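Letters A, B, C and D name the chains as they come in the text, with residue numbers starting at 1 for each one.
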Amino acid sequence: MPIRILITGGTFDKEYDELTGRLFFKHTHVPEMLARGRCLLELTTETVMMIDSLELDDAGRQRIVTRARDCDETAVLITHGTDTMVRTAQALAGAGLGRKTVVLTGAMVPYAFGSSDGLFNLGSALSFVQVLPPGVYVAMNGQHFHWDAVRKNTASGCFEAI
Amino acid sequence: MPIRILITGGTFDKEYDELTGRLFFKHTHVPEMLARGRCLLELTTETVMMIDSLELDDAGRQRIVTRARDCDETAVLITHGTDTMVRTAQALAGAGLGRKTVVLTGAMVPYAFGSSDGLFNLGSALSFVQVLPPGVYVAMNGQHFHWDAVRKNTASGCFEAI
Amino acid sequence: MPIRILITGGTFDKEYDELTGRLFFKHTHVPEMLARGRCLLELTTETVMMIDSLELDDAGRQRIVTRARDCDETAVLITHGTDTMVRTAQALAGAGLGRKTVVLTGAMVPYAFGSSDGLFNLGSALSFVQVLPPGVYVAMNGQHFHWDAVRKNTASGCFEAI
Amino acid sequence: MPIRILITGGTFDKEYDELTGRLFFKHTHVPEMLARGRCLLELTTETVMMIDSLELDDAGRQRIVTRARDCDETAVLITHGTDTMVRTAQALAGAGLGRKTVVLTGAMVPYAFGSSDGLFNLGSALSFVQVLPPGVYVAMNGQHFHWDAVRKNTASGCFEAI
């Protein structure tokens, strides 16, 4: 089953700029992560943007929706910042993607920082996108949630059912 | 959904003995990996054995089958050495576990070595065990395989459908 | 030879706050780094402050000088942010520490981020402090510099002789 | 001061072969380690051999001595397995290298395994080789030892003065 991975940035792909001491985006780590997972799925990765999801506006969100709808694959994984992941899931659901299974995932710690949850989440989301029925889901904390039944608990940093 | 994780050792949990220069088993890394993945699933971990799967004999394999059958959970994840993972999957399938979903996973590189695929595989297997129908599966390389349709390609180190 | 390690924070000890996405100080990583280096020197570590060296004012700088002067050891290693490391070296030199050997070091990438230069620099600085004659030095990039003959090149992030 | 790094293998440079589950040598990690340490010393690295020091015979040991003697640099760092590091130090001392400063170092855990002491030891040894007077030394555990006053404690894995 061919899978499209749409990369949008988020903590997942942040790096440390040693000259400024700030976090920034350079290139995505997703291909490196897939190699490390010895992933043999039929995948196409596509960088839609590299952005902190707090800075994602409606136009940017629409670009993600458009790419998820227009790509050939029916299984779509989206890497996304956790802060507005649920909003993008809602926008995707509202767009009526038909029989596509769309799974959003992200990370609380950048992959480049060693102690990241990113590799776990990527493995988890790739599995969910293969076997869940059509719909829009968030995959975090080892769990999957329907787009309309999840929120990020900003105090704990975890996703929870509502 | 409560999940039982049966730990049997394998490359997943090997460590480097700096005095002898050999690999050995000390304790399992699975709880540390779950914490790193910020996993919030309802899990019970149980160490059945800590063994290189090449040294797993019939009696040992039977202990794994017994624990998978007798535990209360209907979702069972087993960490296992990759060399004989398929044989254990066959033994599990032959035991008639009824409506249980059993997923075996492992790693090509020890988790403790930094570049391991273990965290990816654990995230992947935990997702599969939540959503696949009853049966016995191997989850490796981002994929899932029915117990009777998979082999490890010893030249590449990858699992493939047969 | 007993060595005093004065910890002042700096990039060395920064961590990633996964709730806010910002860098912060929690506790020092120096003891963990010494353990990883299997360091068997006679050491006393002392946290003077945990601060970004850009925020270090004269009073704070004076506290570092005072601790370097007043501690019993004649070999003193100071971990310090790189941005104002040279200014603190100058303050130490101006304080007239007599026959003490004082070495300042730091890191361009936090130790917690995996790809850090911190462990290399710590090993380097600990060696220099054991064998250099009395004076105040900066140890970075594998080199050592007299306090009055070094600057940080802010474009490259490297220390160079002047 | 130009420094020659002679690479001979040892735990420092071992890697995990995921197909066989054994440790082996592929290429040296020293250049990667130097880059991570942002090392700006004037260095020439030379791979003399890639060997477990338990398998180093007299002819091999003589090749190391020859390269240390014949290279142009007066500062020579040798990466070496810890098991016979002291014997090679003795051979180097016996060869009469005149006014050269030779420092041997190694690691208890391979650099590739994440938790290695190698980066600390490399930083330490590079500093010692710049400032110690002519002679042959072992640099391990943050310390330096004269070639004739050190042994590896095989129970603890640490080097100690004799």
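Assume contacts are C-beta pairs under 8 Å (C-beta built on N, C-alpha and C of every residue); 3 or more make two chains touch, one makes a residue touch a chain.
All values reported here derive from a predicted model rather than from experimental measurement.
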### Message
Quick check on the interfaces: A-B is repeated by which of A-C, B-D or C-D, going by over half of contact pairs matching?
### Response
C-D
#### Entry: Per Cα centroids, the chain farthest from chain C
B
### Message
Taking the mean of the C-alpha atoms as each chain's centre, how many Å separate chain B from chain D?
### Response
39
### Query
What is the distance, in whole Å, between the centres of chain B and chain C, each centre taken as the mean of its C-alpha atoms?
45
### Query
Measuring from the mean C-alpha position of chain C to the mean C-alpha position of chain D, what distance in angstrom results?
26
### Message
Residues touching two or more other chains, restricted to chain C: which are they?
### Response
108, 114-115, 157
### Message
Under the stated contact criterion, what part of chain A meets chain C in this complex?
### Response
11, 16, 18-19, 21, 23, 52, 108-110, 112-115, 154-155, 157
#### Entry: Touch list for chain C against partner chain D, complex
33-34, 36-41, 108, 114-117, 119-128, 130-132, 139-144, 157-158
